[in-house]
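Here you go, one structure.
Chain lettering (A, B, C and D) follows the sequence in which the chains are written, and residue indices restart at 1 in each chain.
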Amino acid sequence: MSADEIAKLLHAEFPQGFYPGCSYNIERVGYGDICVRWSFDENSLRPGGTVSGPTMMELADFAMYVAVFSAIGPQPLAVTTNLNINFLRKPARADLLADAKLMKVGKRLAVGEVTIHSEGTDEPVAHVTATYSIPQTR
Amino acid sequence: MSADEIAKLLHAEFPQGFYPGCSYNIERVGYGDICVRWSFDENSLRPGGTVSGPTMMELADFAMYVAVFSAIGPQPLAVTTNLNINFLRKPARADLLADAKLMKVGKRLAVGEVTIHSEGTDEPVAHVTATYSIPQTR
Amino acid sequence: MSADEIAKLLHAEFPQGFYPGCSYNIERVGYGDICVRWSFDENSLRPGGTVSGPTMMELADFAMYVAVFSAIGPQPLAVTTNLNINFLRKPARADLLADAKLMKVGKRLAVGEVTIHSEGTDEPVAHVTATYSIPQTR
Amino acid sequence: MSADEIAKLLHAEFPQGFYPGCSYNIERVGYGDICVRWSFDENSLRPGGTVSGPTMMELADFAMYVAVFSAIGPQPLAVTTNLNINFLRKPARADLLADAKLMKVGKRLAVGEVTIHSEGTDEPVAHVTATYSIPQTR
């Protein structure tokens, strides 16, 4: 699926989460290898002036969802079964870019990693591995 | 710290996230052993009509934050370094209750687990372990 | 399956790992709720005189394996798909006890947690969550 | 530290685990970016004829240990605080190569990832993230 097809599917299936003007933009889509941008928003700060952890977890989960679609096609009922995040550095007051890459695309499970960095810096602010369960279709 | 003291501190330090009328309520606070309620909200559903994964991750992170305060006092700059979540069952269309318990309160790190279940059911919908880094105060 | 039946199955299927006189003993078996003992052994120490991390990871994986058998019967081809461990305290120079409890027994996945403590102390030295994939049998 | 210096240190500090003729060989050492080989051994198989999970966890932990040394010098008392492993594919009956790369080298914590693959194949058999706590020296 292309970035446009995935955006349309997400908007149709998940209108509360993904809509024109929301914080997410799908920047790049290859097979199991995608990038999502989160636009900086003052409401997502936490004490210390940092982008909050849940903002990064939600971005990582969304990026994995897009990566799964890019590899196995429209499966809106694919669900996360495990997500592990390491917070590495304080993010800048800037957009976040999440690069997701699948390491395994099996019949039942897809496993990937997501590296998040602040735009304009190289070092990652968070690293995620996640597993998605793929519904069986007959 | 008591539930009221923690609520006041969170409201002062983190007014975007915790305020009268927000989705969270601190139900119970013991030493390193607390419970937070999340009030059901149609906007947090994902495809399939389920409460979204990020809603549960944010709740777990918030519950750990409260548990850390309950044990070491006001440390708004404590930050999550690692969070691992297993999604176990589809939540009901109901409030979620998150029970957080610290397994270790060290000088530098606090480690805990959070079990989330839907109100009215016994079996957990998600289980989380998380590590918080405690800032050194001199 | 009872402790004896599980011990026999493990010895038959996995003679390199589990045999009379090996370091593991199955102490207690309930449905998805078991305990395994690891007998202290000087060869498993690491710098600092502590029982090594891999010793605890192997014990946790073995305990989960026994817990899966206790719930779904003989499935020697069940495999771990994810394991997350938090090391909490320096273990004593003593036996380790691993209590494993399944939080979910699904058709495809079983998820559990394992708490490890040194004999004679109450506080856990390590906490593990793990997911096993259950082979489909027809 | 070079591969030779690290091997000497490990042999001195940890003679039960690392010695001439043991299963591990340090193949390559850069700053926070190393490779360790594990030599295939029939005793490490599990039911199904696969290299066992604990063998891969131990290898990953050892590789992270070498990576930490490569970046911060001789710190034999550095300890793992968290390790998360995803098992991706059945390994071949062959040597395993573990590439470890640090994503963060802080004053208190080092965080890295380890990708393990069977010699002669490209796709990873396991992926690990781990956190080491660095003792404060003064």
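Assume contacts are C-beta pairs under 8 Å (C-beta built on N, C-alpha and C of every residue); 3 or more make two chains touch, one makes a residue touch a chain.
This is a predicted model, so every value here is computed, not measured.
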item: Chain separated most widely from chain A, comparing mean CA positions; value: C
item: Between the pairs A-B and A-C, the one where more C-beta pairs touch; value: A-B
item: Distance between chain centroids, defined by C-alpha means - chain A, chain C (Å); value: 34
item: Chain centre separation (chain B, chain C; CA means) in Å; value: 29
item: Centre-of-Cα separation between chain B and chain A, whole angstrom; value: 22
item: Set of chain D residues in contact with two or more other chains; value: 81-82, 84, 86, 131
item: Contact footprint of chain B on chain C as seen in their complex; value: 84, 86, 88-89, 103-104, 111, 113, 123-124, 127, 129, 131
item: Chain C-touching residues of chain A, taken from the complex the two chains share; value: 81-82, 84, 108-109, 131, 133
item: Chain B residues within the chain A interface of the complex; value: 13-14, 16-17, 43-48, 50, 52-54, 57-58, 61, 76-77, 79-87
